[in-house]
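These are the structures, in structure tokens.
Both complexes shown next keep chain A, but they swap its partner, so chain B is in the first and chain C is in the second.
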Partner chain A sequence: MKRLLDSQLIRALARGCAVLGAGGGGDPYLGLLQALQAIEDFGPVPLVDLDEIPGDSLVMPCGGIGAPTVFIEKIGNGDEGERLREHLEYATGRKVVALMASEIGGSNGLMPVAWAARMGLPLVDADSMGRAFPEVHQATMHLAGIPASPAVMTDERGNVVVFHTISGHWMERLQRTAAVEFGGAAASTEFTLTAGQARAPGVTVRNSVSMAIRIGTAVADVNGSPIDALIAAIDGNRLITGKIVDVDRRTTSGFARGSVVIEGLGADAGRLVRLELQNENLVAMERGRVLASVPDLISVLDSETADAITTERIAYGQRVTVIAFGCDPVWRTERGITATGPRSFGYDFDYVPVEELAGAGD
Partner chain B sequence: MKRLLDSQLIRALARGCAVLGAGGGGDPYLGLLQALQAIEDFGPVPLVDLDEIPGDSLVMPCGGIGAPTVFIEKIGNGDEGERLREHLEYATGRKVVALMASEIGGSNGLMPVAWAARMGLPLVDADSMGRAFPEVHQATMHLAGIPASPAVMTDERGNVVVFHTISGHWMERLQRTAAVEFGGAAASTEFTLTAGQARAPGVTVRNSVSMAIRIGTAVADVNGSPIDALIAAIDGNRLITGKIVDVDRRTTSGFARGSVVIEGLGADAGRLVRLELQNENLVAMERGRVLASVPDLISVLDSETADAITTERIAYGQRVTVIAFGCDPVWRTERGITATGPRSFGYDFDYVPVEELAGAGD
Partner chain C sequence: MPGTEPAPGTRPAPGTHPGADGWRLGIDVGGTNTDAVIMDASDRVVAKAKVPGTEDITGGIIAAIDSVLSTRGVEPRRVTHVMLGTTHATNAVLERRNLRRIAVIRIGGPATHSIRPMFGWPRSLTGALSAGATIVDGGIEFDGQDLSPLDTSAIERFLGEVGGEADGIAITSVFAPVSARHELTAAEIVKRELGDIHVSLSHEVGSLGLLERENATILNGALAGVANGVARAMRQALVARDLRPLTFFAQNDGTLMSLDQAMRYPVLTIGSGPANSVRGAAFLTGRSDSLVIDVGGTSTDVGVLSNGFPRESSQGVEIGGVRTNFRMPDLITIALGGGTLISRDSGGIRLGPASVGYRLRHEALVFGGQTATLTDSAVAAGRASLGESGALGDPREAGDRRRLLTDALARADALLAEAIDRVKTSKDERPLIAVGGGSILVPGQIPGVSEVIRPEHFDAANAVGAAIASVSGQIDRIFHVGPGGRKAILDEAREEARERAVAAGADPDTVQLVEFEEIPLAYLTSPAVRVRAKVAGALDSRALEDAGPGRPARESRLRAGEPGEADAEDQRRQRS
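== the complex of A and B ==
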């Protein structure tokens, strides 16, 4: 066991998950409350390394699916994780020995902690994105050729749907429509794999839970500017400091989509930066120039506290600092860029790493 | 075994299924072609009575789900039945020993013959409607309290979805959205039951395959008017003989919906009858007076041949005779009317049996 996730670590984890969510993954405050309640009721959750568990053990990647704008009003029941496990074990004929966050970003980095506490299972120190992405197949296991099937989805009422699809693309289509029918949000597991598979290079993003805790701790313990401490902790680039002056956001087809405009303040006065979003912040642009784009992470931080603000919580007038930082190297491979780069979201430009873009703008 | 379904009987079955479809269940010509091919390749299908098979044997009700307007362009692959059986057996942990048509109406009365031939399984002489209905929970098993779960749906590509829902209502919602995502049509099984359950009064509509064959044979062997022979065979009421003068039909939310207007010819000159449809013909009206409504059957027949014309094949100019006849008594119970009467489709009037309406109009 690497460490025991108690309430203090979970609070740090929540701050880190918010930053790694790149605006998405759902409001971590809701996941935090559920994780804190679960460990109070059932005890803390062991965080384990993938190397610590037998190679043939089944790991269940899990989290929420749907629009984060819906998740803030449509809260889980708490027993979703147990239903996912029950039906996944039946579908695979094997026992789940540990949970893994499908995505470390946002509330989805915390829900598996709450579910693991209730089941008395450990959480592995890994996820399949190192951030949050909007679509089901945007997972490291997809790049590694691990099938998304069988996948299980459940809602807070107790409905369960099991999917066996011919491709990750069909998994995204069928899960998305089911999530919409459930009211816009549900819980799911897909890309189930063994610990042995998960340990292979590039199949998962290792140590991402620890990374989120480290980020959250760095900001919490600082004496000076939390923003500066955060940027130092993640080797981030400050894109703009300013005020939200426009928010265009709608919930459609199971996603939150829209755009946000930030007007610079202080040293950035006169600048206007536009973010485009699909659950997560996808692209940051200024006068037609791309400042950062997926798969790199773009996070909007409260300028005072450095708390990350998820896309569904962004509102006119907020004083924010927008940062961008590099994604896990797996997303910068050819397959990674195909699955999650700007063109995969319909943009007509190529991906350029954020550190190169930052250099070009100087 | 009651009889062996060979090509001659299947042709009669197809004519009967068309009439019992009340406009729905999909074009029986497509089901006929698939059933004929399957029995040519794999041999004829035994038609068995529910009393002939062991009470604890599992019966798989099955058919197509979606909009018949889509089925005429999106043909099955042929192996859908095998996938349904494989996943249903896995989900229930039991073996399927016979197939049953979920609905005897339209192509859905014939697809289970094609699937049974491929699997070497018998078909039971029963269904769960005695006609065709548009929605999943409009089945006799639903009235009898048999759960729709686990249900399995598959498409021609090989995708499979397994549903465990908390109600028949949720089954309809989730299956419908999945069918829409598959392109508007899919194959499915729900309300799986044992032969013992299926034999209990009101749980299934018994002998409906035989009835369809009898109807088809009555029309085929006639010397005089096929329409008269058909009306005599089913104790039907002629509503109007005329010409289709208006068709308003659209495919939406997984259904074909719309209305059709028939202008009377000959003795019916000057009359206008309007049919409203949701996959099936729901209501026949004349100057605001209801001539017939669900759950009774309204079928549109070619005035020359007495071939029933399904709702997706109705076209301007066709010379037709519209008939109506009584549904299975199970649908005239309070629960039956609640599930399938006019109010269940949003109409603001009570169900009156077609024979009473016919008397009132004289």
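== the complex of A and C ==
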């Protein structure tokens, strides 16, 4: 066992999940409270490495699916995770031995902790994104050819739907429709796999829970600038420090799109950086030049506290520092770039890793 | 309305329509001083008073009322309206003082059990105000359907268990901003089971965000007694002078609520102080869009005047360690005021955060005292002529004292400039209205500021803001984009906000849209938007007189000879 997730580590995890959300995934605050209440009632959750689990045993990737605005009202019952496990075990005929976050970024990084506490199961130190992405099939298991089926979705009332679909596209389509019928939010598991499969290179993003905790701990323990500590902890690139001078939001086909302009302050005075958003921060540009883009992570942080600001909470006048850092290598493969690179979000340019872009700018 | 025409150009936003010759008394209880003004029917400031605040605030209120009513030329009997702005409720939460015990009902099961009511609150606060909590089945989905049927018998059982312990009930339903029907049904059950106990309903307190709204609703119930105490003190002061004006509280958005409403929703008055300053600044300058800086004795608030009203914060506010989401003015507050102590140590210039507060006129150097304050700096720099500038040293000699005063002011200027820049919404230059007793500190040239406007009566802008306050209606809920498209939604939202404003006492002829925001919802396939709309209008004094049953209670005419101690019970009866 790597360590026991107690309230202190869970708080650090929440800060880290917010940064890894790259603007998306929802505010982890509610996930944090759920996890804290669950460990208060049921005890702390062991965090384990995939290598510690027998190779043929089942790992359940899980999380919430739906609109953050619904999650902030219709908070879960808490028993959704147990129901997902029960029906997944029924559908596969095998026992689940550990949970895994589908998505470490945002509130989904915390929800599996709360469920694991109630079930007395460990959480594995991995996820299937290393960040947050808007679509279910933007998962490392999908790239690795692991089927999303059987997927299970449930709500707080006890409704359960089991999905067997012919493709990831159909899974996305049917799950989203079901989520709306459930009231805009639901709990789900898909891409179930064995620990042996999960250990193979590129199938999961390893150590992402540890990374989130490292981010949160670095910021909490710092004496000097929390921003500097955070950048050091993740080997990130500072794109600009300034203030938000323009926010433009629009909605198309269910996604919140928009752009944000940050005007430099202090050493960055005179610079203007523009962020393109679609639930997450997708692209950072300066005078037509790309500074960073998906699948690398772009996070907007409060310049004083280094708290991550989600795209929904970005507002005029905020003092922010925008950072970018490299995604998991699996997203930089040809298939990874096809699934999550700038062109997959409709941009007409090729992906270049953020560290190369940073070098080019100097 | 005869006799109510304002002077041209002095009405930036809807104000009051007082009676034909009615005068208004505006009172603002600040951190250092309590201010009062009297305004006549033509919106002219007839008299103003500033008195030191007192520990229990009521002493300051009474002194301010006495002082302003005793001013030459004031005929107390002409005062028909009294408006009070105070932020004392915040202190009650911080100090866990005078809080009522609240039984908490959340309607949302089987959802929401994963986070209990008041989970994560400071234990001392839960201990001070909780009379128990429950989650019952019920609540609303974002599309307006039932999440699950309301479990009325569970509410009855809970009330049977805790009813005896509780001074008030706080009721919060999932998606109450979409439909309040389960909250209203629950309120009826409470009334049937427990009679006229104080009930707080979340849809009237906060916006989307279940926990933050529930927290605000619980605090609201706990603060009902505090609001009552202030109202009683004010009543006594007025009755002692044989005055029976209509009484209002200023609320967080700079508009008015009746005394009855303030008793029911005291948490909505928590940010009224800064809101009053912004409204007063608007009124005194005739501007409707500007930055506003209010420099007091101890601290400075910088806010934004937008369409005649304070811009509201889109983020929640934390009170006493509890996250809430009711509407509050969007402010930057810094610990810097006219009484701020200045000194120099090895680290350089130190500003405050301590202040001499209301003792400024005894302790500052220019007033013959021994303490160097920012007011001394401002006088030394020629920004104001106050007291004895000779006490500050010879301006031609760069003595130690003189250098301290100069360096401290430069530091203060930088802090003020940064605070001003932080509240701006664009890099364009904006005008700045400087108000508050300490605003002599504000320099004439500030980066990003096109002009600094210093209105007459700047030192009583907060009390003026209370006295001219208008009435608003607001909605914040989720709309589904239907066949009518976006336009139909916007029309519906505006109309609903308008109806609320008129129901709260606004003159229908004067209401106008002052704030509008739409936020598309992410990760949903069916298009939906969250819409926030606010309209405001002048207080309709005609409507007040004929407000009958079936319309919300909007007035509380003070009655003479009423024993103060019975007020709480009296207020509870009035609600029914």
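Odds and ends about this structure:
Criterion: the second predicted complex is superposed on the first by the 347 of 362 C-alpha atoms of A that agree within 3 Å, B and C clash if a C-alpha of one lies under 4 Å from a C-alpha of the other, contacts with A are read in each partner's own complex, and residues count from 1 in each chain.
Please note the rule applied: contacts are C-beta pairs under 8 Å (C-beta built on N, C-alpha and C of every residue); 3 or more make two chains touch, one makes a residue touch a chain.
Computed from a prediction, not measured in an experiment: that's the story for all the values here.
Once chain A of one complex is fitted onto chain A of the other, the partner contacts of A:Arg319 are limited to chain C, with no touch recorded for chain B. When the two complexes are overlaid on their common chain A, residue A:His87 makes contact with chain B while staying clear of chain C. Of the two partner chains placed around the shared chain by superposition, neither chain B nor chain C is touched by A:Val96. Of the two partner chains, chain B is the only one touched by A:Leu174; chain C is not. Considering which of chain B and chain C touches more of chain A, the answer is C. Judged by the touch definition given at the top, the superposed model places A:Gly158 against both chain B and chain C. Applying the stated contact rule after C-alpha superposition, one finds that A:Leu121 touches neither chain B nor chain C. By the document's definition of touching, neither partner reaches A:Ala132: not chain B, not chain C.
Chain A residues in contact with chain B (one complex) as well as with chain C (other complex) are 157-158, 177, 180. The touching residues of chain C, counted against chain A in their complex, run 108-116, 119-120, 139, 141-143, 145, 147-148, 174-175, 208-211, 314-315, 421-427, 478, 519-527, 529-530.
On the chain A side of its complex with chain C, the touching residues are 30, 33-34, 36-38, 65-70, 72-78, 114, 134, 156-158, 176-177, 180, 183-184, 243, 245-246, 249-251, 254-256, 263, 279, 311-313, 315-317, 319.
Interface residues of chain B, counted against chain A in their complex, comprise 87, 157-166, 170, 173-174, 177-178, 180-181.
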